[in-house]
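Read from first to last, the chains carry the letters A, B, C and D; within each, the first residue is number 1.
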Amino acid sequence: MKKSELIKNFNLNIDLAVEAHELLRGEADTEIPGVSMEEEKHDHATVTTIKIINEQGVQEMGRPQGTYITMDVPEIHDNNYLIHEDITESLSQKLAQLMNLPEDASILLVGLGNRNATPDALGPQVIQKSLVTRHLFNYTPEELQGKLRKVSAIAPGVLGITGIETAEIIRGVVEHVKPDLVIAIDALAAGSLERIGTSIQITDTGISPGSGVGNQRVGINEETLGCRVIAIGIPTVMNAAIIAHNCLESLLEELTTSPTLYKLYKEISSSTFESILGKALAPYHNNLMVTPKEIDTLIQTTARIIAGSLGMCLHPGITIEEYQMYMH
Amino acid sequence: MKKSELIKNFNLNIDLAVEAHELLRGEADTEIPGVSMEEEKHDHATVTTIKIINEQGVQEMGRPQGTYITMDVPEIHDNNYLIHEDITESLSQKLAQLMNLPEDASILLVGLGNRNATPDALGPQVIQKSLVTRHLFNYTPEELQGKLRKVSAIAPGVLGITGIETAEIIRGVVEHVKPDLVIAIDALAAGSLERIGTSIQITDTGISPGSGVGNQRVGINEETLGCRVIAIGIPTVMNAAIIAHNCLESLLEELTTSPTLYKLYKEISSSTFESILGKALAPYHNNLMVTPKEIDTLIQTTARIIAGSLGMCLHPGITIEEYQMYMH
Amino acid sequence: MKKSELIKNFNLNIDLAVEAHELLRGEADTEIPGVSMEEEKHDHATVTTIKIINEQGVQEMGRPQGTYITMDVPEIHDNNYLIHEDITESLSQKLAQLMNLPEDASILLVGLGNRNATPDALGPQVIQKSLVTRHLFNYTPEELQGKLRKVSAIAPGVLGITGIETAEIIRGVVEHVKPDLVIAIDALAAGSLERIGTSIQITDTGISPGSGVGNQRVGINEETLGCRVIAIGIPTVMNAAIIAHNCLESLLEELTTSPTLYKLYKEISSSTFESILGKALAPYHNNLMVTPKEIDTLIQTTARIIAGSLGMCLHPGITIEEYQMYMH
Amino acid sequence: MKKSELIKNFNLNIDLAVEAHELLRGEADTEIPGVSMEEEKHDHATVTTIKIINEQGVQEMGRPQGTYITMDVPEIHDNNYLIHEDITESLSQKLAQLMNLPEDASILLVGLGNRNATPDALGPQVIQKSLVTRHLFNYTPEELQGKLRKVSAIAPGVLGITGIETAEIIRGVVEHVKPDLVIAIDALAAGSLERIGTSIQITDTGISPGSGVGNQRVGINEETLGCRVIAIGIPTVMNAAIIAHNCLESLLEELTTSPTLYKLYKEISSSTFESILGKALAPYHNNLMVTPKEIDTLIQTTARIIAGSLGMCLHPGITIEEYQMYMH
């Protein structure tokens, strides 16, 4: 069973477009029609920009038309403050390009996920570390003009805690706050272990149904909210089924040395594989998550990087010292 | 300076109607026109029901027409589980009377306050301990009919964190969820120390501007939300100015033994007193809160009692065991 | 590769004696010399008592001589308060038997693990929910005599946070507090998914080096502390390598239908399997943990059950109401 | 009643030597025999060094012989990162002078206080933000030599949670770890509102019984631990009785204009004043704390400053980038 079949049969979500693209290209590394890809190297980041440019690309990739930028930053694990600063700045630049905002734009930050479940708490943690300014404009609008943009923020909670679809809550708030742009931050599921905590995806398509650690049920995008939506996501978990699958794949590689065996192995049907994986994951099926031991630290670090880069690109008119004076 | 003057001059908020009423009646204990009061004794609670019945009462009391029920439960400090159960049940009954809900009513719980500031975290803590059911009705509505009511819940955060008026967020959610009733839970400011953590106020008037520990700026009531609002509040702090005032009052009592001195003392003008208090509280003026050392425990206990009583009165069709099975 | 080989080659820890015993007995279900096993069924628990009775048993099982009691309580997931009460009571009885304490014994509770890493926080959480009484004996010893035992408690933190071996800290405290018994509580690693959060192990052997989620480096037992040590543990994670292994095992079962294939498969060497698993888990090797999504709730529930049963069996002279009055 | 009488009669603790000294000098600003005082101005700090140099000074000041340095840093409230950096550096220099440590010294950090009571959580928060290195010396001692000092850390908890005197726990650990120096961090009680969160006291006398928010019962000093002890403290609360007293004092100032009244006022006995204050604080007596609304932020900021300055002065052989690489 190919990984792409696993993803489909086990109903797993691969949230990173760059991973979906890799899977699609496969070993043959064929071009995907309707999809363009570009890569640039920075000091501490590799940036891959995937554009889905037409309906054919949408069909192939199974996700909406738009731009998906992934920054791979493996050095984030090093806990070196200077590297983190550098990553923060690179992210800020990419965000500024993607957002392309007028100076007086107003922005609503939305932290998705469950603040009480560590790997799902990325969104609420970013909100907690962010500077909101919208209410300051009621007092001294002229003083802030050209220095700060109007930023508000909510962490709406998850369906199991609120009883309300997250998209409904956000739509309600959007109708009152009337932002020019929503920026939604969410923890994602990775398709490979080494991407956990080290890939940052930003996209102008918003968030699709079924994505994120908590499996967002309704899309959070221009269609559902009526305003532009930028999504920022970092994988914090991986479905355990992928480990099981990796394992069978590694075995397969071994077997290629014996043609008979390889042939027999290939004959095992996809449904048999599914049952094998099912047994290996019982009693949890596709609800079992793998997460590194240091997940608590990882969430704190990545939340700080995202909040920092948002501060830089949303309020370019002030210095970092002034920024810190406004932070409460 | 009388306490009522202090309240006014220092712009303090006395959130409990029962305290406002006491202040108004004063030492002479005069009847307040347009306001009725009744008291009943329970095993572990004294329940005072104040009704503001006409415009004159509204003027006198400086708060909206409606019913204000206060349960005084000093034994809450004893940490005796059986007494807490008893208080939970009494509160549940009073809530049921005040809400007077049809079986199929839908309810939105709103936890006001800042989850990161301990004395202001009562509302968010109640939400965290509450059972939400609204989303379950999408799957098996007929099974739940007559057993559970549709309950949803949000903890919208405070203006300084979100940049959005709390009332705006709630209104946005109400427009989508369309509940029959909003129940808002908030931490209050007491007018006397012994009421901290021991008085529970429930009212059918919602929440007025300027009340609560965080000083809610816009009212959360039928007028602003377009649906009925019940408010539940417990004092968790007291303004330090009241301690200073108490102190001067105790001194005054001492002085009554010397007529000359008393006379001189009475001649001190109200503005002089204000300046005396101002010096005593510098550099904080009216922004300094007094809270008992055990505030963390107090918030946990009272949040559990409110969440428990809401569970009982909102879902009367199920036993306590069934209730716990639905709790996640 | 057999599971027992995996455990050994990957240096995994199987903390439950009952699992080690199962692995050892294997499919043939042979008796292990020097080890006895007994099973009893309760309403909501299956209790397995394994005794390692001589040196041969110690060699076979690779753990110290003593009694290992495991309560399997799968209904713990149901979130039914009455079942939790029943489990608490059963656990309390088993603990009382194993401890066999005189009325005036003094006890030191030790919560092992890292309070900031959710799956490792079981021990510190139990300490937080426990009643300590030792200091009360300084004031009114005669009043407490026969009602409460002298209980003290510490959560010493982990090596990476303190820079000190946990066993060293405990030994230092034991030398001053001089308890008759230490009860150490720790989160364990399971050998199978269904045991996560549903098996409670208590043993009179203390804690061996290399066990627990955080891999305790030095033993915490009578030898290192100089006083009796009872250990209580609940698995909260499973090493991801076991999932990978399960997967290969399920595949093996499939292959048994084809004798040729099966034969070839069996010829794959153990080291090849190791490399296959290594690839599947890269870049984490044996440092990748699987944990269910609801781990936060699980830790709260199990910590409450352990703290509750400790309260019952350590202070049998007081009613549950009195107990709650002492809890602050 | 003079403030010094209030302190004595109400059994309040004034933890800052600089405040005790001010009270003692009184309005007349008389020299205190056996006590020297020096003041220096820094960019963002005023540093006052008080030395108690003989037995007479000990008697007068009611605290042990030694050096008490207080940095007053009112700008800490500004939330300006650059000012915080500057304060961190000044504190680091003062600490280095006071500690006067050889290169290979080993240090045990002790975070006093209750991590669950916000204003008392300063010590545990500093521990959480500190780099411990002692365990690293087991692996690569020669590589670390001259770069890092051996640092270990504990947050022992408070008597009500552990049942054990904090000093006993620390002594037990000290006997095993055998540090050259203990550095104890604690939240203090202020004698005036403006010092809350803005004064940092460091002293080479350790911690005296009865000091700190939690009222440490046994001293933590060279006498009880058998090794040198440096204490670092920041006031986070003030006893409410002082507000009440301030209020009467302000009144007194008003009254000085009327000689008759003033005379009468002065005749009120000390015990009468005590009863007046007692009434004003009922039912809490001297157990009621005043703390600013933003206490949660304040604890985070000051803990970061203390942990940062400790990192600088304990590991002078590494750059700030290397330091961050060692931080996990």
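One rule holds for everything that comes next: a residue touches a chain if its C-beta (ideal position, glycine included) is under 8 Å from a C-beta of that chain, and two chains touch if they have at least 3 such contacts.
For clarity, every value in this text was computed on a predicted model and none was experimentally measured.
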item: Of all other chains, the one whose Cα centre sits farthest from chain B; value: C
item: Chain pair among B-D, A-B or C-D whose interface repeats that of A-C, sharing over half of the contact pairs by residue number; value: B-D
item: Centre-of-Cα separation between chain B and chain A, whole angstrom; value: 41
item: Centre-to-centre distance between chain D and chain B (centres being mean Cα positions), rounded to whole Å; value: 36
item: Mean-CA-position distance for chain D and chain A (Å); value: 44
item: Of all residues in chain A, the ones touching two or more other chains; value: 116, 294, 328
item: Residue numbers on chain C that touch chain A, as the complex places them; value: 116-118, 193-194, 240, 243-251, 254, 258, 260-261, 264-265, 268, 272, 275-277, 279-284, 287-296
item: Complex contacts: residues of chain B adjacent to chain A; value: 116, 127-128, 132-136, 150-157, 159-165, 168-169, 171-177, 328
